[in-house]
Amino acid sequence: MDNKHEILELLRAVRSGATTPEDALLELKQKPFEDLGYAKVDFHRSVRQGAAEVIYGAGKTPEQIAGIAAAMGERGCRNILITRMGQEAADLVARSVPLDYHPTPRLGIAFPGERTELGHIVVATGGTSDMPVAEEAALTAEMMGNRVTRLYDVGVAGLHRLLSNLDPLMSARCVVAVAGMEGALASVVGGLVDCPVVAVPTSVGYGANFGGLSALLAMLNSCASGCSVVNIDNGFGAGYLASMINQMEGLQ
Amino acid sequence: MDNKHEILELLRAVRSGATTPEDALLELKQKPFEDLGYAKVDFHRSVRQGAAEVIYGAGKTPEQIAGIAAAMGERGCRNILITRMGQEAADLVARSVPLDYHPTPRLGIAFPGERTELGHIVVATGGTSDMPVAEEAALTAEMMGNRVTRLYDVGVAGLHRLLSNLDPLMSARCVVAVAGMEGALASVVGGLVDCPVVAVPTSVGYGANFGGLSALLAMLNSCASGCSVVNIDNGFGAGYLASMINQMEGLQ
Amino acid sequence: MDNKHEILELLRAVRSGATTPEDALLELKQKPFEDLGYAKVDFHRSVRQGAAEVIYGAGKTPEQIAGIAAAMGERGCRNILITRMGQEAADLVARSVPLDYHPTPRLGIAFPGERTELGHIVVATGGTSDMPVAEEAALTAEMMGNRVTRLYDVGVAGLHRLLSNLDPLMSARCVVAVAGMEGALASVVGGLVDCPVVAVPTSVGYGANFGGLSALLAMLNSCASGCSVVNIDNGFGAGYLASMINQMEGLQ
Amino acid sequence: MDNKHEILELLRAVRSGATTPEDALLELKQKPFEDLGYAKVDFHRSVRQGAAEVIYGAGKTPEQIAGIAAAMGERGCRNILITRMGQEAADLVARSVPLDYHPTPRLGIAFPGERTELGHIVVATGGTSDMPVAEEAALTAEMMGNRVTRLYDVGVAGLHRLLSNLDPLMSARCVVAVAGMEGALASVVGGLVDCPVVAVPTSVGYGANFGGLSALLAMLNSCASGCSVVNIDNGFGAGYLASMINQMEGLQ
Amino acid sequence: MDNKHEILELLRAVRSGATTPEDALLELKQKPFEDLGYAKVDFHRSVRQGAAEVIYGAGKTPEQIAGIAAAMGERGCRNILITRMGQEAADLVARSVPLDYHPTPRLGIAFPGERTELGHIVVATGGTSDMPVAEEAALTAEMMGNRVTRLYDVGVAGLHRLLSNLDPLMSARCVVAVAGMEGALASVVGGLVDCPVVAVPTSVGYGANFGGLSALLAMLNSCASGCSVVNIDNGFGAGYLASMINQMEGLQ
Amino acid sequence: MDNKHEILELLRAVRSGATTPEDALLELKQKPFEDLGYAKVDFHRSVRQGAAEVIYGAGKTPEQIAGIAAAMGERGCRNILITRMGQEAADLVARSVPLDYHPTPRLGIAFPGERTELGHIVVATGGTSDMPVAEEAALTAEMMGNRVTRLYDVGVAGLHRLLSNLDPLMSARCVVAVAGMEGALASVVGGLVDCPVVAVPTSVGYGANFGGLSALLAMLNSCASGCSVVNIDNGFGAGYLASMINQMEGLQ
Amino acid sequence: MDNKHEILELLRAVRSGATTPEDALLELKQKPFEDLGYAKVDFHRSVRQGAAEVIYGAGKTPEQIAGIAAAMGERGCRNILITRMGQEAADLVARSVPLDYHPTPRLGIAFPGERTELGHIVVATGGTSDMPVAEEAALTAEMMGNRVTRLYDVGVAGLHRLLSNLDPLMSARCVVAVAGMEGALASVVGGLVDCPVVAVPTSVGYGANFGGLSALLAMLNSCASGCSVVNIDNGFGAGYLASMINQMEGLQ
Amino acid sequence: MDNKHEILELLRAVRSGATTPEDALLELKQKPFEDLGYAKVDFHRSVRQGAAEVIYGAGKTPEQIAGIAAAMGERGCRNILITRMGQEAADLVARSVPLDYHPTPRLGIAFPGERTELGHIVVATGGTSDMPVAEEAALTAEMMGNRVTRLYDVGVAGLHRLLSNLDPLMSARCVVAVAGMEGALASVVGGLVDCPVVAVPTSVGYGANFGGLSALLAMLNSCASGCSVVNIDNGFGAGYLASMINQMEGLQ
């Protein structure tokens, strides 16, 4: 119902008598998704949003994940991302669907297939322990067909490590800055590059970091323009958005 | 020092004897900005970041604002944005530099000039009272050369108002979603469009909105992909980022 | 588009040739509201939601309020609630539309008219200073056609004051419990009555009440069943909901 | 002592000499509940509040739960809800009292019996992982004699899933909207229906959802009228309140 | 209804025929307070709670304050405390009732009269700026008939100032410790004396004191036994409680 | 050094030549406690503070607890309270010192001995699950020689359960009100009795209780006079303070 | 009493008969400060703490400030800092004591005199609007006899501005880093220099900076070693501590 | 690039022809650290910051820790601190590198070697349970070549314990004050000594200490000058800073 052209077609079919008004109403309300009982799998999404398919693993049983993945695979989906899935769940899912599993970001790729390497996205982290979130972002972007450069452990307390990696930063079309603790990486990177920066606060740290709140607030208050923020530890969201930006078509 | 080619040129000049090492060191440290005492005005920024110039009005005296704007204007800057400037300050500034002033977003345009209308950005608000923030975003984007469509008062409690404006939403290259209270606009818009959505929480509301915190948390937790968030009431930042995204060059 | 029967009628008109598909599409998107520029006034709301009309005064200029009220009045709306409107704004509005103004809850009734007194709603407060919020609730309920009993200053620190007013409480079809500070009124009332209790935390108090947070948390944690909570100081929302509940039709 | 008629009867008995003043005083203070040592079981509650009996399982040992349930069952209570009870505790309880156990919402029904299916309540969720809380609400409402329709996984990021389920929503007498993350479901549903909406924030999500706080604040700030909120994850409270509203008698 | 003996008397009167059951019921519900419309003035309180009368000035108009004070004075109340009353309000109240006004704690004493000086309470403050709250506590205690010693500006950063005032501290029956900022005074005093310490956090300070939250949390976490805490800036509550403790009767 | 008389005695000994100035200085600094390495056991405390001895078990190993208890026992201490000690630690401690262990409040009594039953303290709870904290308070008070009445599960949602226990409440010299969730018990009790009320918020509850914060804020904001608050779950502190108040000597 | 040598002298005087024990006791308790009623002015502080004198202006009346300053001046104090004093108060104070007033940091210097310029402290700020706090720090350090270099507006979003000022940073013995918003300056500076860094979060910013909380948390979580933090906007405290560190004597 | 002299040398080499401009550029960007893939080990740090080497163990696998330690040891580093490392990880690390392990602060010293004992640092704690954090501070300071005195369990609730240890406090060049709960130790110590005080809030405590927030806020609000604060439980940071301060060279 969210597509002007489809509605117009339907109305034309009603006028021509090819469809009764009652059937048209039914069709207007027909589900553009498959109802598995525990989930409504949305197959129009890749059309409507131009995105790779993704299954949020958190809060789903391995059986539910496998069921959704299988239903997608049957319809031809490839490189289906499964986020927040533990090793144990991955082992179970791998019994019924082909699966590449990455333990650090706890990410699976069901029905892995061909993919492109478009443009250039940099994923940078402040420290070693931000890697799980960064890998979630990097793999998401790669699965969606982007070329990704990883710059890990370039936090601002050792500024020379960041400054000696200016080349990939300067050539990126989008940078994902992943940092916990004081989250200053986003501000510093945002002041250096002239492309959009997607900041991901992580819950890494201790004491008064309050589960990522310190990095989140720091990034929201970043004094560099061109930065925006996704949720704490949301590597997937950052990779997805970076892919959208990297793959923007040029203005005519 | 943040430009590889400049350093290389400088080093070549040293080798050729055109520059002494001592002068080169000096030049490497030379300020790429003018020091007005109360501010270091950065004239390389538009080159380095590809951005229109902007003066953050908050916490500056009218005299300081006028001084910075005049220094920029002398160097040929046009359409200089001045944010968070009250009517009174604007009146004072207007005495010394040419100024278009917009009272709702408390925004001034110093040295107004020609500008382009590239691509298509939608700025949408949940309610009438989000307008000051939305206008800051819309005018920022317009000053940076973008075409902007305003969809105001299309909050999710009256879903039909949003759904009857699907055309501009569907054709946008970037949407700025401005909302206070429960901030649901970003989620709903994010689920409808297939372009990046920049969410701006506003401090509009009362009771347990805690100065915009409720909208901020809601937007960070948005279950729609492709959304990212800027600071509360940060219309400028959202307009700036939307312009960056809208004006992305295409992949070769 | 949110009404099944209207869509069906439209489709039938298409089939019969009375409407072209293009016109039908247009009509499907046609605005069920009037666009005043600064606001989209929603005239179908009273049909769709069964509610009296309301104008949220906060963040609107007196001119905007008067404009919206006049547009509503022209279409026959009566007893239009205007919330959060100061005395000064009320004076301005009263110049162009008929207005009853209540200064304590800062509430106006534009185009006042006849109204019914259905059922029985009790509005109770913990203290004298909760009155502005309570009056917003009580007047809202009255404007929507309900009979309202006010029980003010019956806070739990003087339990006998509450217990000596059991009769109206026991005969109510819905109770609105308005309290600041520790918000215990909702729990105690909720344990006494057998009808739904709508709790309204107020920002009344000092010290660690944090703008109503203490009462809000207390009410959310109420151990009495049948209680639910609206936003801090949201007298209007409570009165509106209480009216909905009071006017429920019986089960067949 | 909370019943006017009982006090009047008692006073009449004193006047007629059937009761001495001393005995009357004793009776006035007599416990309307049974004291099991660890709990004061309240048998008048179903009369006083018109509610099914409920045992809050959290913080009670299986032995205490079984003891209370048995005491209630002996007095003829049926369909006794036991909330927040783990599988292990349920196994222990099932040894001494008849018990239906639902593992997803961790809910038990002791002494299951006949029940009615009155009116119509919709329980909707934003995602699959809100199901435990939603089932607590749905089963509570069913045990209290209501007809319940479940609409799960209809979150606002895929608006078409919600819009294709308008029929049950439009015919509901009360809607329970269960959502975590940004909690926008309550606002959107509240804008579509014309019956009371009981919003239940869930602790589902990650990052800056802060254990349900993001959804809670969003729901409290909902710009739709007719919404109220219960505590985070409080499915029982929502189901109980929805039943109260659904079973309201009509006005004479 | 909160007095066993009164109920017994009433029941005896019913038995003897002196009162009808209907009248007894009425009397049981009869208000033990006078209803001024905007407030229910409770004249039994001094009997029931053994306290001086108090009028919370916050949120009341000068007219309401004067009205309540006059009603109390007519019934013989003396030394009526009026808290949180500004100079302007005090001037208005003083026109209709005899009033002693203390501008620092913004406290009035209506119908000032004779009073005793029982026992010994120490009111100590960390700094000069805690004086308004401390004076509210000290005057409250004095009005309730206690002897009060003031130890102001004895904060722990200059420990010798506290240690050179050990004599009054050691002889006190109760100490009120008033402090903002880090609130350490309560802990240190609590470790020195062997009487109850009532801690009053104040909102004095700046930066991360968050309106008194820092002192409040510090005092709640005090590692000294015998301390308890009242609300931020609640000098009245502390003075009232200190009086209760000071005037405890001895055990037989 | 905190005792005027001791200093005077010492100075007199210096004058008489019985002590050299150097020795006096040493003695002034001499430790009034025994240093066990991991703890400085304070044996003058019972004199200085009039309190039973207590060992805070949290954060100490069983060996450390046993060591401290043994050192105290050797000096004649009896009824030594050990707080926050798990069953396992208790078993270990019981091997070296005589110990009564109470598993619900996780409290041990080392070297149990005779004790008095002075005055009257009531410990009341809102619900069954507040019992661990309440028992910590009750046992602490009993160990310190007070008579204690327990009123458990008398929460305000079933007001009749509280009202039918007015007799012990009315005769108490101090009430400890223990409640989680909305913490209303303290306010209601505070309005009924005329003795000091020590409120103990508990972390019992779920959802937006935030580990006891809701009850804490509610109790701090209590509108009843005579209430003060101790830390969340601090049953020991409440029992200790209640004992202090109960055992106050009368004024001469 | 906090000085070992003084006590020893006193004891010797007692032994020699030059002082009676009673007088010694008195002297031990004698106030090392002058009691002005509203404040206890501490004249031993400059000896005991090696610090310039300071009067905290906040919460004191101009009369109190002038009184304290005059009392200090009479005893020979020079360069007395008066913090948080508005222009109006300064004008009043200047009538009775010699005063240099700095309006930006709202700081006064009473009885200005000679002062040294020891060592080297850098005070750096992220932006122009952090100047009031930075000036409070810089002037405090200067009044205490230190040489101070100001580096203002060198925030990390324009890293070249900071990097072109490495010389003064590298030669500093202590750096005071003053920044609002995301507070990244402290981390970046901390990673560059090898001297202690005192971080001062400022309340400058808007949106989710929550009065300086974002900068405070960022600075506490700084991943650079050698950083510590003072309270929000506490320029005085930072300048005082920097002076202490700068003037450390060398190890023998 | 952060060293003026190195750049000058390089430029001179370019002029003399000893280096080509291209090589110079390369050298300018050359990594002053070794890239182990999972970490960039910074070997210039001890030169640049004058610090002992440290490996943050949190979030690193034992293999990563051992790898980094081995790489450091090969280059001659000694007394390498490894923070936040559990016993199990320590056992694994000890298989490949020489290691002293301290279980209380969960701290390892890899390649232990000779060390000096310069100056005097006091590490004081409020209670026994603050020992893990205090030991992290004390061992860090010792590894960096400082003499350390431990004063444990000298909390302010037993002030005499602190006052009887004035000698080491008075002779310290820097004090690390470690305290949880109400954090008053820092204020009291800060008022006694005339050297810098580094305050470390700990997460020790219960109830409303909120993971160390109460102590953190108290310490930030300390009214004693010369205090600054590091992150909650950050013993390492405090020890590191105390060493920096203790080892300050004297002014010429």
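Read from first to last, the chains carry the letters A, B, C, D, E, F, G and H; within each, the first residue is number 1.
Here is the rule we go by: contacts are C-beta pairs under 8 Å (C-beta built on N, C-alpha and C of every residue); 3 or more make two chains touch, one makes a residue touch a chain.
These numbers come from a predicted model, not from an experiment.
Enquirer: Select the chain at the greatest separation from subunit H, using centres from the mean of Cα atoms.
Expert: For subunit H, the chain whose C-alpha mean is farthest off is C.
Enquirer: Look at interface B-H and say which pair in F-G, D-F or E-G is its repeat, using the rule that over half of the contact pairs are identical by residue number.
Expert: Repeated interface of B-H: F-G.
Enquirer: Using the average of all C-alpha atoms in each chain as its centre, how far is it in Å between subunit A and subunit F?
Expert: Here the centre of subunit F sits 54 Å away from the centre of subunit A.
Enquirer: Calculate how many whole Å lie between the centre of subunit C and the centre of subunit E, each centre taken as the average of the chain's C-alpha atoms.
Expert: 38
Enquirer: Would you pick out the residues of subunit B that each touch at least 2 other chains?
Expert: Counting only residues that touch two or more other chains, subunit B contributes 1-2, 4, 127, 158-159, 166, 192, 207-210, 213, 216, 220-221, 225, 231-232.
Enquirer: Where do chains touch, given as pairs?
Expert: A-B, A-C, A-D, A-G, A-H, B-C, B-D, B-G, B-H, C-D, C-E, C-F, D-E, D-F, E-F, E-G, E-H, F-G, F-H, G-H
Enquirer: Applying the document's contact rule, which stretches of subunit F touch subunit C when the two form their complex?
Expert: 126-127, 155-159, 180-184, 186-188, 190-192, 205, 207-210, 213-215, 217-225
Enquirer: Using the touch definition from the top, list the residues of subunit E that touch subunit G in their complex.
Expert: 127-129, 131, 152-154, 158-161, 163-164, 166, 204, 206-210
Enquirer: State the interface residues of subunit D toward subunit F in the complex, per the touch definition above.
Expert: Touching subunit F: residues 1-2, 29-33, 38-40, 42, 45, 56, 58-60, 64, 84, 201, 203, 211-213, 216, 231-234 of subunit D.
Enquirer: With touch defined as at the start, can you tell me which subunit H residues reach subunit B in the complex?
Expert: Per the touch definition, subunit H meets subunit B at residues 1, 4, 7-8, 11-12, 14-15, 17, 20-22, 24-25, 28.
Enquirer: Can you list the residues on subunit A that touch subunit B in the complex?
Expert: Residues in contact with subunit B: 2, 4, 48-51, 54, 118-119, 166-167, 170, 173, 192, 194-196, 198, 216, 220-221, 225-232, 236-238, 240-241, 244-251.
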